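What follows is a group of structures, each given as structure tokens.
Next come two complexes built around subunit A: one with subunit B, the other with subunit C.
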Partner chain A sequence: MATLQPTPPPLDDDGTVGGLGILPWTAITLVGVYAGLRFGIPWLAVLVGVSANPAPVPKFAMAIYMLCAGLGALVYVSSEDTRWRAFLTPIVQAFVVPHGGGRARRLLPLAIIPLLVAWITWGQVMPSTQSPPEGRIQHPGLPEQFAKLENPFGVLKGPERNAIEREGVILYQKNCRPCHGTKGTGDGPLARGLRLQPVDFTDPGTIATVVEQYPFWRIQKGGIGLPNVATPWNSAMPAWEDEIEPDAIWRIIMAEHGIAGTEPRKPEGSER
Partner chain B sequence: MPRFITLLSGLALGLGLAGIAPGRASGQWLEVRVGDRPILDTAMVEAGRAVYEERCWFCHGEDGDGDGPVAPYLWPRPRDFLMASFKLRTTASGELPLDEDLYRTITRGIPGTSMPEWGSTLTEEERWQVIAYIKSFAADLFEDEVFDPYQQIVERGDPPRGGAEGILESGRRVFEEADCWECHGAAARGEGEKGPELTDDSDFPIWPTNLTRGWKFRGGNSVEDVYMRITTGLDGTPMPSYSETLSEEERWQVAQYVASLDPEGGGRNTEVVISALRVDGELPTELDDPAWEGAPEVSIPLTGQATFAPRWQVPAVTDISVQVLYNADEVALRLAWDDRLADTLAADSARAAKEGWSADDTYPVLYRDGFRARGFFPDAVEVMIPLRHGVSRVLPHMVYGSSGQPVDLWRWEADLQYDPDHPQPVTELRAGGTQHPPEAHALESQLATGAGDWQDGRWTVIIRRPLSTDHGAREVQLESGQIVPIAFHVWDGGNGETGLRMALSSWYFVYLREPIPLTSYFVVLLSVVIACVFQLGLVVWMRSRARRGLLLEYGIGSSKMSE
Partner chain C sequence: MVSPEARRLRSTTYKLFATAFVGLAAGLLVPESLWAVQGGDALSRIDDVRTFFGLNPRNTVWFVAQLHLLFAAFVLGVPIFAVIVEFIGWRTGDERYDRLAHEFTKLLSAAFATTAALGGLLAFTLFGLYPRFANYFVGIFAPSMYVYAIFFFLETAALYLYYSSWERLRARKGLHICLGVLLNVVGTSLVFIGNAWTSFMMTPVRVADDGEFLGTTLEAVMNPLWMPLNIHRLLGNIVFGGFVVGAYAAVKFLSSTTPERRAHYDWMGYVGNFIGLAAMIPIPFAGYYLGREIYSASPVMGNNMMGGAFSWTFIMQALLVGLLYIIGNYYLWSGMNRIPGSERYQKYIKYFNVILIVCVAIWLTPRNLPLSGSEQLALGGQVHPILGYFGLMAAKNAVVNFIILATFASFLLYRRANKTDLVPISQQGRGAKAVVVGAGLACLLILGWYAVELFTLAPESMDLAPEKAVWFKLPAVLLVVTMTTVVVCVGLALRDRGHVAQALYCGVVATASVGVLGVYGFFVMAAANPFLRQIAVAQWLILITALILVTAIDVVLFRGAGSRGAIRWGHVTARSQYALISLCVIIVLTMGLMGFIRSGLRENWHIYGVMRDTSAWAFTPSNAEMAWMVGMITLVFLAAVTFLFWMVGLTGKEFAPAAATGEPVP
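Showing the complex of A and B:
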């Protein structure tokens, strides 16, 4: 029987990056994507403040993302002949040519696929304590009837405006501060125990980017007034309509921007 | 515009939200970096007035008397600057604080109170300015050389080094011999016998600190900080200075002991799912049955109910520890939480209806006429589960659901526990919103049982209930393998808590975890075998191709190939 002997691959260095072959690079990339999904995204969400603690990416989303990453990698390595060959060479060699050296060295590459398969199926069939997915939309569309409301104090300037804002500050500090915090940063004394954190008004994603009517709706109708995509059941945000008059709500909105140091956003087309 | 919002929402959804707040680790008081103190002249005072009248007045009062429009709803009350009495100092008991002391407090805020940190909002200069201004409220004292605080700075050496074990042991002895326990309690949970009668200098009730909750210390719980508090005392409160009564060494020892008491070190659990452990045979009925040791313990943070009036900003209980066991028929929860006093008297029901279920303001005024309800309500704990819970992601609202989506409640009450006429202390109730108090189930649907006991400032309670009942969809039905939404409510009667004035949690989940079935292991094994067979086939196939010289391009082939 013919002894199978490796001859050096008829390849130039095309398929290597920084001395590493294309196969190790693919593996590293996939592991990187996995780590990013598994640990990176949850922590990133905490860092940019959309989520208060690292919530895991749901299993099904992980599976889909990993599938995409795998397919992407495959398309990349097979898109060019030399690259494809450089990719396959180490695999084929591992399968066909048992390198010299100990038994372990020869069997190790062969163990990789079964181990990977075992790990994936284990993850699929074993029960996990992952909570049901809780993705939510913080800013669902503004209900029609609120879009037309007008802020009666919007036109005021100077001392008149200051007087209104001062009343708004008292209303805010009395009613909203326990959750949203004295400075509007969403870290009031009651925030600690809430899984869905009170909104941080200094975050450019909140009151600074929505029209004034938006907070008006949210203050009147509260968490329970949200559509299901925004998980109203997790929101401690009160519906203030029975306790705070519409006028007073506008006062609070006038004050909020001062408290959080943001500018109100003008409705589309208002410049015209 | 709606398009814009939809776009934004898509983005937000993509990121996947929701989670528990991590314990915000606020640094220690003495660790706050203080720059050079500028000269606090009249220009500074004037500049400070502007800062104060934007940021501080609504709590501390326009005139600095601690009586701003928000103050009646707060406890502890904002500082009255006219009294010039400050808790956090590096100066001797009864003396004025250094400007640097005020700078530290204002920069860091006061944990466990409504006093926020200003380090991230005010510039260093603005902080010095506002200090100049708040000192001007008691200018006669601060400007009198007789009271110069810089002559009153307390000595602070370095903490003693050496065998930590020995120091903690000596510290514990000092804690006993210096009678710290009379106020702070033998278990240091603030349950000492003197607690209920203590008041601060403005005659408002004050509780001795629960020393096992280091993150709520006013001035931080590093050894150095605790040493400083024990040395200087907290002016305006019953917490005395021990600079005369304890030696420096003893103060370091007891400080070391106190600093070691926070078991969690400020860090908190962020689990959302409580794993229930399945047991064969009977569930434990005793509170301290060793069977509980196997059940994973999750500590769940609580907050004041502030979504519906009457709102509650000053909940006494901040965490509840939860364990769950179940067997083929029943589920049992063991709940434990710190509470300084066991309030076991039956509720004054007229009062409970008035204070717990109706409101004449958005938040109750605390200590109207210096008074706070005490001795009218019992302690209680409650587990909330959606009546219908299933595959649907939609849950009832976290505060008692709604009429369309009711919740069931399993409530243990301390007065029933100690009432010999009562068969047992747990009641099953139904709530559908907060318009009315929850209503007890009919007698034949009262299936939950339980028991509770108070020891050393901590309640431990067991609640048991059959997994399933005969009444189908009219009652909560549980099944092994399910992930069930769950929430917790705690009342400290002695703190004036009843009805909606309570501490509550967000929704969590209990996972009635089943033992891993043998078939699961088999599936994994099978998949590995299949992978091996497949790989073997691949190897054989490739080798045959190699022998036929078809793999030359992969560097495989041999000169003797033609053989």
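Showing the complex of A and C:
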């Protein structure tokens, strides 16, 4: 296989940066990425004012980001031959080639690595009172009977539409404001009593990404009406179908968009 | 005296026949009761669904359809670039291109019969397992099926004529290339007809409430998803063909024992990767267009796709496509080792690497992260206050554009790796200057057209209130700023500041398309959601102008330049070849995954909203089941392709080494 290896071009980069080898630099970079995710992002959320407390990066996200960082490091060090050799040399010396450092020096990594693996394994299997992470589908399929509904006030324009929205605002303030807040930001006076914050309508990923029929379904059937894939136990939204008439729900939906300054998603003209 | 090679082949062939015989015998010994289950029905009753020897009919059709599509993608994708490569060889007089195109076509002829056989099997399984659906479907599409059969004959004739006349028409290359073009026209027509059937199943038209079809076959063909699907599949086939050819070359390279063969297959692998990556540039936008049309046709399907049942499947898709870009770039960077002078550009690679990795990480981030109880409490909700934004469409659009721009920049580095002693553009002829000016004008035309569109866009056309028009201004102004930059960059290039022009334009495009419009997209999503479509188009058009203008400047900038040495084809690491092989595996997995999403979006409908699948197998398979199925399909496909290519190797002539020249590939 020796013939497969190209003659490396005369590179300036000898695999060291500022006196440190590429392997320590790779390790430092990965530790830096980890620190940034572990401490940087949580505090950034506080700094930019989107969270009152540090918002930890969930384990799932940590895992995918660290895997990406590891892949990036591997891609970088192995994409150039001199760099790859410089990266591998200390590893090979530590484990394979008898080195001037002697037996003890070579045994050290051999001891550290199993300990590290053992520590990670213990962390994974130790008994815990935490509930396991749940994969959740944000917007489960809209049931057919709701998909076919039409907003009876959707065609209205100008003053007529404004009048409907005003009625909707009154209904909203009576029924929705306690949890979703006066401005629809999910921070009403009752919100603090809930385990999970109510939806923030000004967030572009909530009511603005779905068609109007979607919040209609959610208001009528509430959290309890969600399918299991959307973890209905993680929602305190009541089912309003016995309390609010369908026409009033449409008014509320229009008011929600008006209060939050959002627009519902609308399909472009279809031939069907 | 029989050579060891021949002995080995003979032994393998015997083993193959023996295995086939054992399989056949085992099949015949299957208990009769199993066959009896499949007995015929009374004429008065047409079953809704039958099982496949007791197996799940839905999975059976899925398996056969996906295998057929994978072979079809190869058979229809490869001729597109085979003809282009042959044309380059003809015009440049470089024999290597011609030989490469011929080798592509040889692979093609081997896969063609298998594609046809699998197509037949797909039709039989559909008729056999879903008779009621098949009956209804034929009632609508029968005329197009006859046309399809005729086109299949034409495709067969064109392919074998194109392949077998290679040597005979060597003196009349133009005629031979015309045959190749004919092959592509017929092949594309076949894809388009097939696409009409599948797209109609998602967006049926002219169907009454009781299910009666009221239109003509042509109306059914021209359903709303037909053209978006055509574009997406056509591009997908080219990417697929490119990466499969790349893997073929990599395997050949790794098993080559002579420098000439290694040089040839190294170069072939490079061309395969180049084709795959180049065709991947427009694919995300074609996918966006398809998704947009799906959403327009049915908000339920649209919601299921991105936010609902298939949202996690789309995260897997982001992982696979992200890997395609990362590994494709990795191969390019590894390939720079074989180019003298490339060390000057090594320092830039780490920046491109960081851009790619960060962008893929963002692309991979779901809106709803899986959270433990304590994480939910710490965040106070289901969505992380910062990372949650990465899960929105605006973020995805921005990072995909950035990935494409970084990949393009990698190509630029590769191209210039051994170039030196540039000829100033001012000293070049009118033709060179005309290329730069022409590219600039094309960019101005594209950007100007869309700027006018946005300046004159009426909010009412998107069902938005008049005051929302304010949201249209920034992207329109940004297009004008980009147009101004085009003029400046063309001026700089003509004044021998080509490098500065390229850097400036790429910088402006990254800022405008990724930075400004990426962030702006979040605000538009909330305040004027329907307008996000226009933002996506503006981002992509700005990006495309970078590809046009910067490429044009690059071509002229390095025209007639000196070289620090020829590319040492064949002198590449084995790692890079394994990268090519993994690209092939990933593209097969991606095609399988996307096939599942496209078809699965119909959920429990054969024809969405018209004919429901009322069988016990109508449920949408879980992602775990999907992963098993797609994994199995991938294994079977790769095994079948390996077998076919091995057979091609048995019948083909021994490779005739040519002088491995060091000219770069466009």
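Everything that follows uses one rule, which is that the second predicted complex is superposed on the first by the 158 of 272 C-alpha atoms of A that agree within 3 Å, B and C clash if a C-alpha of one lies under 4 Å from a C-alpha of the other, contacts with A are read in each partner's own complex, and residues count from 1 in each chain.
As a convention for this text, a residue touches a chain if its C-beta (ideal position, glycine included) is under 8 Å from a C-beta of that chain, and two chains touch if they have at least 3 such contacts.
Every value quoted in this text rests on a predicted model; they were computed, and no experiment measured them.
Novice: Is A:80 contacted by the first partner subunit B, the second partner subunit C, both or neither?
Specialist: Second partner only, subunit C.
Novice: One more residue to check, A:59. First (subunit B), second (subunit C), both or neither?
Specialist: After superposition on chain A, A:59 lies in contact with subunit C alone.
Novice: Considering only touches as defined above, state whether A:71 meets subunit B (first), subunit C (second), both or neither.
Specialist: second
Novice: Would you check which partner chain A:195 touches, where first means subunit B only, second means subunit C only, and both and neither mean what they say?
Specialist: After superposition on chain A, A:195 lies in contact with both partners, subunit B and subunit C.
Novice: Pick one for A:181: touches subunit B only (first), subunit C only (second), both, or neither.
Specialist: So A:181 only meets subunit B here.
Novice: Which of the two partners, first being subunit B and second being subunit C, lies in contact with A:260: first, second, both, or neither?
Specialist: Touch partner of A:260: subunit C, not subunit B.
Novice: Is A:145 contacted by the first partner subunit B, the second partner subunit C, both or neither?
Specialist: So A:145 meets neither subunit B nor subunit C here.
Novice: Should A:136 be classified as contacting the first partner (subunit B), the second (subunit C), both, or neither?
Specialist: In the superposition, A:136 contacts both subunit B and subunit C.
Novice: Determine where on subunit A the residues touched by subunit B overlap those touched by subunit C, and list them.
Specialist: Of subunit A, residues 3-11, 41, 45, 48, 50-51, 53, 55, 57-58, 61, 130-142, 147, 195-197, 205, 209-211, 214, 229, 234, 267-268 contact subunit B in one complex and subunit C in the other.
Novice: Which stretch or stretches of subunit A touch subunit C in the complex?
Specialist: For this pair, the touching residues of subunit A are 1, 3-13, 41, 44-45, 48, 50-51, 53, 55-61, 64-65, 68-69, 71-72, 75-76, 78-81, 84, 130-142, 144, 147, 186, 195-197, 202-205, 208-211, 213-214, 229, 234, 260-272.
Novice: Hey, which residues of subunit B end up touching subunit A in the complex?
Specialist: Interface residues on the subunit B side: 1-2, 4-6, 8-10, 12-13, 15-24, 55, 58-59, 69-70, 73, 113-114, 116, 120-121, 270, 272-273, 275, 301-304, 306-309, 311, 313, 318, 362-363, 393-399, 402, 481, 483, 503-509, 511, 513-514, 516, 520, 523-524, 527-528, 530-532, 535, 538-539, 542-543, 546-547, 551-561, 563.
Novice: Could you pull out which subunit C residues touch subunit A in their complex?
Specialist: Those in contact with subunit A are residues 203-205, 223-224, 254, 259, 262, 292, 295-300, 302-304, 307-309, 311-312, 326, 329-330, 333-334, 336-343, 346-347, 349-350, 353-354, 356-358, 360-361, 364-365, 367-389, 391-394, 462-464, 468, 522-523, 525-530, 533, 568, 571-575, 603.
Novice: Can you check the complex and tell me which residues of subunit A touch subunit B?
Specialist: Counting only subunit A, the residues touching subunit B are 2-11, 41, 45-46, 48, 50-55, 57-58, 61, 85, 88-89, 92-93, 95-97, 110, 113-114, 117-118, 121-122, 125-127, 129-142, 147, 169-170, 173-175, 177-179, 181-183, 185, 187, 189-197, 205, 209-211, 214, 222-224, 228-229, 231-238, 243-244, 267-268.
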